[in-house]
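Got some structures for you, see below.
Here chain A shows up in two complexes: once beside chain B, once beside chain C.
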Partner chain A sequence: MQFMLLFSRQGKLRLQKWYVPLSDKEKKKITRELVQTVLARKPKMCSFLEWRDLKVVYKRYASLYFCCAIEHQDNELITLEIIHRYVELLDKYFGSVCELDIIFNFEKAYFILDEFLLGGEPQETSKKTVLKAIEQADLLQEPRHEYFNVPVY
Partner chain B sequence: MPAVSKGDGMRGLAVFISDIRNCKSKEAEIKRINKELANIRSKFKGDKALDGYSKKKYVCKLLFIFLLGHDIDFGHMEAVNLLSSNKYTEKQIGYLFISVLVNSNSELIRLINNAIKNDLSSRNPTFMCLALHCIANVGSREMAEAFASEIPRILVAGDTMDSVKQSAALCLLRLYKTSPDLVLMGEWTSRVVHLLNDQHMGVVTAAISLITCLSQKNPDEFKTCVSLAVSRLSRIVSSASTDLQDYTYYFVPAPWLSCKLLRLLQCYPPPEDGAVKGRLVECLETILNKAQEPPKSKKVQHSNAKNAILFEAISLIIHYDSEPNLLVRACNQLGQFLQHRETNLRYLALESMCTLASSEFSHEAVKTHIETVINALKTERDVSVRQRAADLLYAMCDRSNAKQIVAEMLSYLETADYSIREEMVLKVAILAEKYAVDYSWYVDTILNLIRIAGDYVSEEVWYRVIQIVINRDDVQGYAAKTVFEALQAPACHENMVKVGGYILGEFGNLIAGDPRSSPLVQFNLLHSKFHLCSVPTRALLLSAYIKFINLFPETKATIQEVLRCDSQIRNSDVELQQRAVEYLKLSSIASTDVLATVLEEMPPFPERESSILAKLKKKKGPGAVSVPDLEDGKREGGELNGGGERGPDSAAMSASNASTPSPSADLLGMRSAAPMSAAPTSAGSLLVDVFSEAGPAAPSAAVNDDGFLSSAPPSEDPATLLSEADELLNKFVCKNNGVLFENQLLQIGIKSEYRQNLGRMYLFYGNKTSVQFASFTTTVSCPGELQSHILSILRATKPVEPVVEGGAQIQQVLNIECLTDFSEAPLLNIKFRYGGALQNLSLKLPVTINKFFQPTEMTSHDFFQRWKQLSQPQQEAQKIFKANHSMDTEVLKAKLLGLGTALLDDVDPNPENYVCAGVIQTKGQQVGCLLRLEPNGQAQMYRLTLRCSKDSVSLRLCELLAQQF
Partner chain C sequence: MPAPIRLRELIRTIRTARTQAEEREMIQKECAAIRSSFREEDNTYRCRNVAKLLYMHMLGYPAHFGQLECLKLIASQKFTDKRIGYLGAMLLLDERQDVHLLMTNCIKNDLNHSTQYVQGLALCTLGCMGSSEMCRDLAGEVEKLLKTSNSYLRKKVTLCAVHVIRKVPELMEMFLPATKNLLSEKNHGECELVPQLVRILKNLIMSGYSPEHDVSGISDPFLQVRILRLLRILGKSDDDSSEAMNDILAQVATNTETSKNVGNAILYETVLTIMDIKSESGLRVLAINILGRFLLNNDKNIRYVALTSLLKTVQTDHNAVQRHRSTIVDCLKDLDVSIKRRAMELSFALVNGNNIRGMMKELLYFLDSCDPEFKADCASGVFLAAEKYAPSKRWHIDTIMRVLTTAGSYVRDDSVPNLIQLITNSVEMHAYTVQRLYKALLDDISQQPLVQVASWCIGEYGDLLVSGQCEEEEPIQVTEDEVLDVLEGLLVSNLSAAVTRGYSLTAIMKLSTRFSGVNRIKKVVSIYGSSIDVELQQRAVEYNALFKKYDHMRPALLERMPIMEKSASNGPTEIVQTNGETEPSVVDSKHPPPVSQPANQVGALLHLFLNLDLHDTFGMRSNSFDLFFRANPNPNVAVITIHASNSTEADMTDFVFQAAVPKVSRPNPAQIIKCLCFEVLIHGFGVFCVGLQCDFLFSLRMRIKLTYTLKGSPVQDLAEVNNFPPQSWQ
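Up next is the complex of A and B:
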C-alpha cells in the first residue's frame, strides 16, 4: 500500500498515512485530487478505480471516506477488508466510533493504525491482539503503573 | 470498552481542537492557530523547564496544526527530548511527531538515532516496537545506514517477542524498499524463510510481506520458500472456519495470509517437485470449489475475503499458464461473476478475464462470454466498469469476432464518456487494421470512426488509413468512392476533409468516370469545405488541388483561378500563401511531363509497427494494455502494415515548407530530408522532396545493371577461404568498426553503419608494401540462397581502382539491404597481382542478422507478456555454454548494447541476469526478438535464451551470440 487517507464528506482530511517518501507539496496535491475524484463518485459505483498508475480502493463509512492507494499487483478486495478491519478496530476501541472521536483523538487513530499496518503491509490482523497492545499502552499512562516503564537493562 | 478516558490526558489539546472547530472562517482559524503557535513558542523558550506532560501536550498541538495543513518550523527538539522520556505515552507522542514531520537536520537525526538505539537495546518490547515503528514510518537512508544490520538480528533472535518480530519484519521491508543495497540478508536468509513455519500467525503474516519482496529481487536465494508456502497454504485452506480463532475473518480462515501466500508463489514458476505441485493444485482446486459452496454468512466481508483469495488464486493460475483444466475453471468462475449483483465483483471479473484472454488455453473460453461483456459495455452505470468491459472486448478480439466487436465499440463510441473516447478510438482503429480481411471493411470502419468521434481521432489514426490505402491498390478505388460519399454530408469533420483531400488527390481518377463524381464535382466538393477548415487542412487541400491539375488537366483553369484569387495568393498565413504561389507557378511553367513526375502517385510507405499501437501503449502506460499480439508470426494481415510515425502528408504534399517555418511545421515537416529540401528555389525544393522520398527505392532498381551482384566473373584460381573466417565474423557481431583482415601485404579495415533494414559498409584496402598491386579487383557475392532473396548487396560507388600504389589506401562503399532474415554471410573476394604473382583471397563479410536490430525499450510487464506470447517451442532457442571471455558486468553490457538490442534494466527478477529486446528490420517484415542471458559466475557458464517471432532468427542469433561471451 502506498498511502491511506481518511476524509469527510465535506472533503476535510482527517487522517493521512504515507508509506512512500513524498514531499509535502506532492502529498497535498495528491490529497486534493483524490478527494475530489472520490467525492464525485456516486454511491452504487464500484469501490475501485485506476488513478495515475495506482489502484485506488475506497469505502464510505457514515460521513467518513477511507481511501487506500495500492500497487498494480495488489489485491483490491483484501484491501477493502483492510479498511473494514481498521474501522472495526476504531469502533471497538472508541465504542461505536464517530468522526469526532477521530478528530479529538487523532493520535490514538495513528497508534492503532501503526499496530495494524506497518510500512503499508498488515502487521497483525487479529483484532484482539491489536487492541490488547493499545490497551496495554493506555494502562501505562496511569501514574500508578509507572513502574512498567522502567526499562530493564 | 474504551480502556481510557480519552482526552483526559491532555485537556488543553481538546480545548484547542474544539476552538479550531468553532472557528467560523478560515481567517479566524489562522488567527487562533497563530495565537497558539506564539504561546507554544514562548513556553518552549521560557526560563522555566517544562515537565514531560506539558512538553507532550504542546508537541501534540503542533502535530495537530501540521496535520491541518499548516507549516511547522519548530518543536523538533522538544519532540526528540520526549523520545528519551521513560513515560510510555510521552515517548509515543515524540515518536509520532518525528514520524510525521521528518526533518533532515543532521544533528537532530543523530539524536533521534541515538534514542532509537537505546530503545532497541532496552529489551522492553513496547519500547522496541515504538522504535521499530518509527524506523518503518520514516524509512530514510540515514536510518537504513544506522539500523539495517541490527534489525535482521532482532528478527530472527530466539528470545525476541512475537510482536517485536512482526514490527522488525516490516521495518526491514521498508528499509529494503528505500535502500536495498544496505539490507543484506546473507546468513539470515534461511532463518527468515523459515518464519513461514512460525507458530504465531501474526508473525507469519508480517514476515511474508518481507519474504515476497525479497523473493522478487533474489528469487534463487529464497526459492526454498515455495514448498514452505505451499504447505502453509494447504494447512490454511483445509482448516475449518473456526480453527484459526482470531485469525479467522468472517468465517474465512486467515484471508490476508492466504492472499499473501498466493502472491508469493507468483514470484516463481510452478514447483518442480511433483508432490509440492500436486499439493498446490489441490489447494487451488479447493479454493475454486469453495466458491461454489453456499456462503457461511450474508455479510459482504465474508464474500469479499473469500473472493479476495479466489482472485489471487486465479492470478496464480494465470501466472502458471500451464494447467488448462484450472484455467478453464477460472474462466467459468469469472463468467459467473460477470453477472453478479456486486459491482466490485463485475469489475474485477472483467479485469481478470482480460489476462485470461491472452492465454492460449482459455482464450476460447473467454470468448464465450462476449454477449455478457457487450451488454456490460452498454448497461453498466459506472464508467470505470465500462472501461474494463471495453478492455476485455479488445483483449478477446480475434478474426472470428472482430466485426462484431468493432461494430459494438463503434456504436458505444456514440455515447461513450469523454474520458475514454480517445482510447476507444485507438482501439477500434487497431482492431480494424489487425483483423481486416477485406479492406473495404477497414476503410468503412475508419471513416465511421471519424464521422462518429472525429474530435478524438488523433493524427496517427488518419495517417494510418492513408498509409494503408496507399500501400494497397485493391482498396484505393473503394476508398475514393467512400470518402467522396462521406464528404457529401452537410457537416463533416475536419479529419474527414483531410482524408478526403488526400485520397481524392491521389486516387480521385479512379472514380472520375462516373459523371456524379467527375473531376469538377470532386473539386467543388472539396473546395466547399475549404473555408471552414484550419490552416493545416487548407494547406493539404491546396496540395490536393495541384495534384488534381496533374490528374485532370480539364480542372486546370478552375484551380488556377482559385489559386490566383487574393484570399490564396495573398493569404496572411505564410504557408498557405507560399503554396498558392508555388503551385500556381508550377502549374503554369512546368510541362505535363515534369508535372507528372513531380506529382506522381505516392510510393508505398515502408512497413513498420503501427503508429497507433505505439500511441495506445504510450497513452495507457506500460503494462496497462493487453495488446492482442500484433507482433506474432501468425499475423495474416501483416502486409497491411504501413509507414511509421511520419504522416503521409509529410512527403510529396508538403512541397513548400522548406524555406518557411510555419505553424503547421509538425504536420508538414520532412524530418529525414530536411537538409536537402533547403534548396533555394521553391520549385526545386519540390522536386527534391519528392525524389528524396522515393530515394530508398531508387537504387535497388538501378543497380543490378552493373552486374556486381549476379554476374561475378569466373575466377581463375579457386580462392582459399580463410580458415579463421568464422572467427572474423564473430569478432564483428557486437561491433561495427575495426580491422577485418591483415597479412604481410594487405590490411582491410571496415566501418559500417546500419539503420533499419539498410546498411552501409566502408571497406578500406591498405597496401602495406612499397610495391603497387596491379589488377586489383574485389567481388562481393552472396552464396546460395543469400543471393536470390536474402540479402542484396549493392555497390554504390564505382568499382575500386585497379591499381593500389605502395603504402596507399583505397576505399569502397557497399550498400546493403536486408530483404528477409538470413544466416549465411556474404563473401568478399579480392584478387590482385603482387610482383607478378596472383593473390586471391576470400573472406566472409561481417554482415550478420543482428545488424538490423532496432532496440525496443519495454517494461518488465510488457517483456514478460511478450515472452509468454512467444512460447511455441520452435520460437525459442537456448544454449548453455562455458564463458570464453571475461564475465565482467561492464564488458557484458557493452557487448549486449553492441548487439543492437535495448538492454532492459529492472526486468529480470534476478539482477545478475541480462535481458534485451529488439526488432530486426527486414524489408518484408519485422521480427521481434527477446533475449535473456543468465551468467553463473561460479561455474563460469552462461545460459542464453532467445525467443523471436521467427524460428530461424532465434536459431541464428543463438548460434552467433554463443560465441560472444
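Up next is the complex of A and C:
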C-alpha cells in the first residue's frame, strides 16, 4: 500500500497515512486530486479505479470515505478486506464508531492503524490481538487514568 | 502563563468557525500561542501543543515549526510524549529533510527499550518512513531484534526488516538467516519469506476454525493471500517451485468459499499466482474459468478484477478466454465506466476471422450508445478490426459507413486518409461507396470526417453517382446539379471546418472533368478566388488558372487516383504479453508509437506515386524519396503528374515543389509551367503536378527540390530525374 486517506463527503481530510516518501506539496496535490476524483464517482460504480499509475481502492462507510492506493501487483479485493478490518477495529475500540469519534480522537485512529498495518502491510491478522495491544499501550499513558478515553492532553 | 487549551477543546472551537477566514484567524492565534510555548521549552504541555499542531496540519495549515518539538517528545521518557512524538515525526517529517536523521539515535535507543510498546513505536516509525541512511544505520539493531522470542515484537520487526531491505537492497543478506527461523512459528503474524509455505497454506485451509483469525468463515485470509503472493514471487521463473505448488493452488482454487468478497479475494490471488508462475495448462484453464465465473458475479468489483485479469492473459491464453466471449460482450452493457472500458478492450482483443460478424454487431451497437469518451477509441478499434478480418469488401465499406455516420465526429483525424486509401483500393465498390456517402451527406453534414471522406469520394466518383451505376443496391437518381448543390452547400455551411471546405472545393473542381456542365463549376471556382480564407483562395486561383491557361492539362490533372500503396500503419499496437508479466500494456495500445524521425530525413516521409491509368510509369529513387512520373504524350506538353502523400502524423506546411530543367540549345527551351498544389499534405496525401512544355525531343533531365516545414523545422530535399522514357516526348 502506498497511502491511505480518510475524508468526509465534503472533502475534508480526517486521516492521512503515507507509506512512501513525498514532499508536503506533493501530498497536498495528490490528496486534492484524488479526493475530487473519488467524490465524483457515482454510487453504482465499482470500488476500484485507475489513477495515475496506481490502483485506488475506496469504500464509503457512512459519511467517511476510506481510500487506499496500491500498486499494480497488489490484490484489490483483499485491500477491501483490509479497509473493512480497520473499520471493525475502530468500531470495537470506540464502540459504534462515527465520524466525530475520528475527528476528536484522530491520534487514536492513527495508533490503531499503526497497530494493524506496518509499512503498508497488515502486521497482525487477529482482531483481538490488535485491540489488546492498544488497550495495553493506552494504559501506559501518563497521567494514568482508569478510563483510557478520558483526554490526556 | 495559563495552561494551553486542551486538544479536544481546540477541535471543538475550530469547528464552530463559520467561514474559512474565521477558521484561519483561530488557527493563527493558536499557532502563535503554541510557538511561544515552544520557545519557553515547556515540557509539561509540549505533548498537548504538538497534538494540536498535528490537528491543524491535517486541516492543511503549515506546521513545520513543530518538527524539532517532535524530536524532543521522542527523546522524552514519558510514553505519552513518545507516542505523540513518533506520530508527529511520521506526519511532519520525511526523508527529504535532514532533520529526520536526528531521530536515528532516539530510535536506536527505543529499539532496545525495556517496554515492548516503546520498541513497537520505534519499529513502526522506522518501518513506515525510515530513509535509506537511517535503515543502514539501524539495520543491525533490527536484525538483532529478529531473534527475539517476543511474538508481539517479532511481527513488527519482520515488516520493519522488509522496509529496510526495500530501501537498502544490499542488506538483504544480513537478514536471510534470521528469516529462515521465522517460518516454523505458529504465530500468524510473521510468516514472511521462504519455502514450507505450501505446508503452512495447506494447514490453514484444512485446519479447524480459529475464531481470532477468521473472516466470514475463512481462516486468516490475509495470511492466505500473503502466502499465495509469496508463492507467486517464488514460482515466477522457477519450474520446480511452480510444479511443487500446482496441487495446493488447485486445491485452494476449488475449495474456497465464494459467497463473500473475502473468498473471492483469495481466489483472485490464486488466479494471479497461477498466471505468473510456470503453471501447467490445466491449471491455467482452471484460473481462466474462475475469472469467467467472476464475470457473472453480481458484485461489480469482482467483475472489474476479472476483466482486468483477462485482459492481461488474453494474448497468452487466447483460446481459453475466447470461451467466455459472450459474457465479456455482455459486460459492454454494464453501468460502470471502468468495466465498460475493459470489456471494450477485451472484446477487441478477442475479435478474429471467425467471430468478426457477430462481434462487430455488438461493438457497433456499443459505439452507438456509449459515452463520448469511448467513441474515439472504439471507432479506431472497429476500423482496425475491420481491416484485419473483413469477410468482404462490401461488409467493410458498410462497417465504415456505420462508424462514420454514428460516431463521425469522434473519429480520429488520421482515419480520413486511411479510409480514402481503402476506398480507392476497393475498385469494384466505388459506385456503391459514393452512393452511400452521398446519401449520408444529405442527412447530416456536421460530422467532419464523414463529410471529408464523402467530398473526396464524390469528387473522384461523381460520374458513377450520376450515371446510376450501382450494382450492390438500388441506384439513386441524382443530377449533376444536385451533386454540386450539396458540395457548394458544404462550402458555405458554418458547420464545415476549414479543411473540409478545402476538400469540397477540390471535389467540385475534379467534377469539371467528370460532369458535362462545366460553367457552373467555373463560376464557383472564380468566386472563391477572392475568398478570405487563404487556403481556399489559393486553391481557387490555381484552379482558375487551370481553366484559363492550362485547360489542355486539366483532364490529365484531374484524373482518377490510382491504387495507393499502403503507407505505414499508425493504429494501436498489439498488447504485448509475456508469460509472467503482470504489468498490463493496455495503456500503450491506445497510443500510436511515437514518430521519432529526425527532421532532416525526408526518407519515408513522402510517398510520391503515380497515376497509372494511361501510360508507362517510370520513376526514380533517391535516398530520400520515391518519385514516379507519368507523361502524357500530348504533342506540345509533357504533363507530369505527381501524387504525394505525407505518412507522418504531423502536418507538413509551407510545401514548395520546384523543378528545373537545363537550358538547351534548341529554339524553345523547356519551360516549367507553374506547379499546382492540391490538398496540402496535412498528414494525408496530396496531389500536385508539374506541367512541362517543351518541344525538344531528346533526353530530359530534371532537378527537383522540395522544401517544407515538418514539426517546426524546415526540411529540404533535392533530387535529379533523368530517366524519362522515350514515350514521354514522342
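Here are some notes:
The rule is short, and it goes like this: the second predicted complex is superposed on the first by the 141 of 153 C-alpha atoms of A that agree within 3 Å, B and C clash if a C-alpha of one lies under 4 Å from a C-alpha of the other, contacts with A are read in each partner's own complex, and residues count from 1 in each chain.
By our rule, contacts are C-beta pairs under 8 Å (C-beta built on N, C-alpha and C of every residue); 3 or more make two chains touch, one makes a residue touch a chain.
The model shown is predicted, which means the values in this text are computed figures rather than measured ones.
When the two complexes are overlaid on their common chain A, residue A:Leu118 makes contact with chain B and with chain C alike.
Once chain A of one complex is fitted onto chain A of the other, the partner contacts of A:Ser23 are limited to chain C, with no touch recorded for chain B. Look at A:Phe94: by the touch rule set out above, it reaches chain B but stays clear of chain C. When the two structures are aligned on the shared chain, A:Met45 is found in touch with chain B and with chain C. By the document's definition of touching, of the two partners only chain B reaches A:Glu135; chain C does not. When both complexes are overlaid on chain A, the residue A:Leu80 reaches chain B and chain C alike. Residues 13, 16, 19, 21, 28, 44-50, 72-73, 75-78, 80-82, 85, 103-104, 106-107, 110-111, 114, 118-119, 121-129, 133, 136-137, 140-141, 151-153 of chain A are contacted both by chain B in one complex and by chain C in the other. Residue ranges of chain B in contact with chain A, taken from their complex: 1-4, 6-7, 9, 14, 17-18, 21, 60, 63-64, 67, 69, 86-89, 92-93, 96, 122-124, 126-127, 129, 132-133, 136-137, 139-140, 163, 166-167, 170-171, 173-174, 177-178, 201-202, 205-206, 209, 246-247, 249, 254-257, 259, 263, 266, 301, 304-305, 307-308, 311-312, 343-344, 346-348, 381-382, 384-385, 387, 621, 623-624. Within the complex formed with chain B, the chain A residues making contact are 13, 16, 19, 21, 28, 42, 44-50, 53, 72-73, 75-78, 80-82, 84-85, 92-95, 101, 103-108, 110-111, 114, 118-129, 133-141, 146, 148-153. On chain C, the positions that touch chain A within their shared complex are 6-8, 11-12, 15, 47-48, 51, 54-55, 58-60, 78-80, 83-84, 87, 91, 94-96, 115, 117, 120, 123-124, 127-129, 131, 152, 155-156, 159-160, 162-163, 188-189, 212-213, 215, 220-223, 225-226, 229, 261-262, 264-266, 268-269, 272, 300-305, 335-339, 582-584. Chain A makes touch with chain C in their complex at residues 12-16, 18-19, 21-24, 28, 44-50, 72-73, 75-78, 80-82, 85, 103-104, 106-107, 110-111, 114-115, 118-119, 121-129, 133, 136-137, 140-142, 151-153.
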